[in-house]
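The following pair of complexes shares a single chain, subunit A, combined with subunit B in the former and subunit C in the latter.
Let's look at the complex of A and B:
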């Protein structure tokens, strides 16, 4: 089996409202920088393109087709899309390469969440018979999860505040972060609760933006002469949509995915975890068995900016950046989808 | 359970979501010109690059932004059309009416608009038409500033020339 590597990663600045720009206008500048980094002229220079987005975010049917207008698809290109975070578009691209149908792929994800009321929009991803008609929003569900953990003594509010504090501080070195600053756990605890027990700072912000990655076989990456990080493992698992049947204080699917992605085969220097709520980072850290030797969310994670449908891909890109810069030898990127960490994808990256 | 249960085959759960829609930066430039009664297209800033109207932000063929604005004529050519006989819910127009793909002079792709003041049976590909605008005081950021397109007395454009006319209506 051919080894596959990441050769480029770019992300737009996370902003709470991208204003007048539409999807294609969000994507084009990010793709420009990605092509420049990978020394490609256009999407014509890769064998496959796959994107991740969700029409519900901007409330425009087939908005993802508008995204294709950023590619320059003349002459025709091989292209696909997932109505998911683009980390799953990367997963599809890996399968495409492993099947021998491509040697390289461009993956991009984008989301303009500001036009709608995101937590309410996300209620419509719940099961359509029992939960979606009740319009249970994503923050309320996360708040219930946090309440379970607090009441069982699995975490304290201070633990959550420490996650926020570290995220804000780490984000100071991330030029694309939306929320960064010298925030202490005391500062967080001094805030009023928003949806009890969550404070606003415990919740990721709503962000508009896009990110992109180029992957290729190691052979191709060498031919291109680009620095790269090898994708040594990738796996995703999903839990039932029935929240009452899940142990919300744990993430069984993350643990299983990590085992199958081979995360435990070596030391993990860096982990980028897609935790939209502070307590979820603690769940994930425990499910993955990460300890002191691992730097968690050095980018600030999604508490510093959450580009729906792109943040998962960005987690992979952030780990790639640390490996290529020499800060880390090996890292893990986690992506989530669905309420209360329902669906999880784990990617393991290693230095070439 | 002794009682017979009714089988549930349908559950109604209507969805209402509110959005503040934004057209995009390039479409906003197009709409701003339309408010002034000008039909424009956009292309990437290269000679001979295709002109898109309405512009969406990129030149889809190349993936480059359409940074250059081009003023178009309000004369156009019928590229394709359909005659609608079925009333469409919420549409104020009485059928039968003509919906056409029209290419404005100076543009290279078509937009969709209505045709009127014509015999529906006479509408044909290559036919020349011109915009009938609403009174200036009613102009808004909308394609509705044009009520419809009306046939004009100009020779038909051969099929292979449709979408290739300059802003003067002459072959490029």
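Let's look at the complex of A and C:
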């Protein structure tokens, strides 16, 4: 089996409202920088292109097709799309390469969440008979999950505030972060509750933006003469849509995915975890068994900016950056989808 | 020259078909219309409310219905200070996971309460039915504290 590597990653700045900029205009500057980094002229220079986005954000069926305009798809290209975070577009691209149908792929994800009411839009991904008609928003579901943990003594509000404080602090060195700064746990705890037991700072912001990655077989990466990080494992698992039947204080699917991705075969220097709510970072850290030797969310994670449908791909990109810069030898990137960490993808990256 | 007639056609945006909810979800909704609540036994014997068609662990098709109570206990909740337009209430309320008497798995629904401090994990609640029940999850208008 051919080893596959990441050779380029770019992300736009996370902004709370991109204004009149449309999705194509969010994607194009990111793709330009990605092509430049990978020393490619255009999407014609890769064998496959796969994107991740959500038509519900634009409120129109097949809205994702417009995103292809950012590529210039003439002459025709081999292209696919997932109605998921673009980390799953990367997963599809890996399958494409593994099957021998491609040696390289461009993956991009984008989301302009600001025009709608994101927590309500996300309510429509829930069970269509029992939950969606009630319009239960994503923040309320996360708040119930946090309360389960608080009630059972698995976390304290201070633990949650410390996650926020570290995210904001780490985000100061991330030029694309939307929320960064010196915020102490005491500052967070002094805030009133927003959707009790959550405070606003416990919740990721609404962000507009895009990110992109180029992957290739190691042979191709060498031929291109680019620095790269090897994708040594990737796996995803999903739990039942019935929230009542899940143990919401744990992430069984993340743990299983990590085992199957071979995360435990070596030391983990860096972990980028897709935790839209502070308590979920604690659930994930525990499910993955990460300890002191692992730097968690050095980018600030999605509490510092949450590009719907792109932030999962960005987690992988952030680990790639740490490896090619020499800060880390080996790292893990986690992506989530669905309410209360329902569906989780784990990617393991290693130094070449 | 007179203005040409504009071609006109009434159009309603919507699905032009009805979808059967099937023997499990349909049964639950029919019971709701009659102001009853039923769950279903999972492979391990746990009573799941609202009922599921398949067991999430074993994928076994489920069919053994069990009538459950109209009172229950709060397993967890979130207090909504500022209800959103789409929300079922326009005054502060709680979303909650509620385990009905006779059920082993909590369901998600809303609770009407005067204020946050009135709601607590473990508190007892009971169903408030909608004035008219039509076989929707919203036939349960909300729960109220006992």
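Following the convention adopted for this analysis, the second predicted complex is superposed on the first by the 352 of 352 C-alpha atoms of A that agree within 3 Å, B and C clash if a C-alpha of one lies under 4 Å from a C-alpha of the other, contacts with A are read in each partner's own complex, and residues count from 1 in each chain.
Assume a contact is a pair of C-beta atoms (placed from the backbone, for glycine too) under 8 Å apart; a residue touches a chain by one contact, two chains touch by 3 or more.
Just so it is clear, the structure is predicted and the values come from calculations on it, not from any experiment.
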Worksheet item: Superposed on subunit A, are subunit B and subunit C clashing or fitting side by side?
Response: clash
Item to complete: Applying the touch criterion given at the start, work out whether A:60 contacts subunit B, subunit C, both or neither, answering first, second, both or neither.
Response: first
Worksheet item: Looking at the overlay, what does A:133 touch: subunit B (first), subunit C (second), both, or neither?
Response: both
Item to complete: Go through the superposed model and pick first if A:195 touches only subunit B, second if only subunit C, both, or neither.
Response: second
Discussion item. After the superposition on A, what does A:70 contact: first (subunit B), second (subunit C), both or neither?
Written reply: first
Discussion item. For A:148, using the defined touch cut-off, is the partner it touches subunit B, subunit C, both, or neither? Pick first, second, both or neither.
Written reply: second
Worksheet item: Can A:43 be said to touch subunit B (first), subunit C (second), both, or neither?
Response: first
Discussion item. Quick check for you: in the superposed arrangement, does A:242 touch first (subunit B), second (subunit C), both or neither?
Written reply: second
Worksheet item: What is the contact status of A:117 with respect to subunit B (first) and subunit C (second): first, second, both, or neither?
Response: both
Worksheet item: Where does subunit C run into subunit B after the fit on chain A, at 6-14, 78-86 or 132-140?
Response: 6-14
Worksheet item: For subunit A, which residues lie in the overlap of the subunit B contacts and the subunit C contacts?
Response: 117, 120, 129, 133
Discussion item. Quick check on the complex: what are the subunit C residues that touch subunit A?
Written reply: 21, 25, 29, 42, 48, 50, 52, 56, 75-81, 84-88, 95-97, 105-110, 116, 121, 136-138
Practice prompt. Quick one: which bits of subunit B touch subunit A in the complex? Just the residue numbers, please.
Written response: 11, 13, 15, 17-28, 56-65
Worksheet, complete the sentence: So, in the complex, the side of subunit A touching subunit C is made of residues 117, 119-120, 123, 129-131, 133-137, 139-141, 143-145, 147-148, 151, 193-198, 239-240, 242-245
Worksheet item: Inside the complex, what are the residues of subunit A that reach subunit B?
Response: 19-25, 28, 31, 42-43, 56, 58-60, 66, 68-74, 114-117, 120-121, 124, 128-129, 132-133
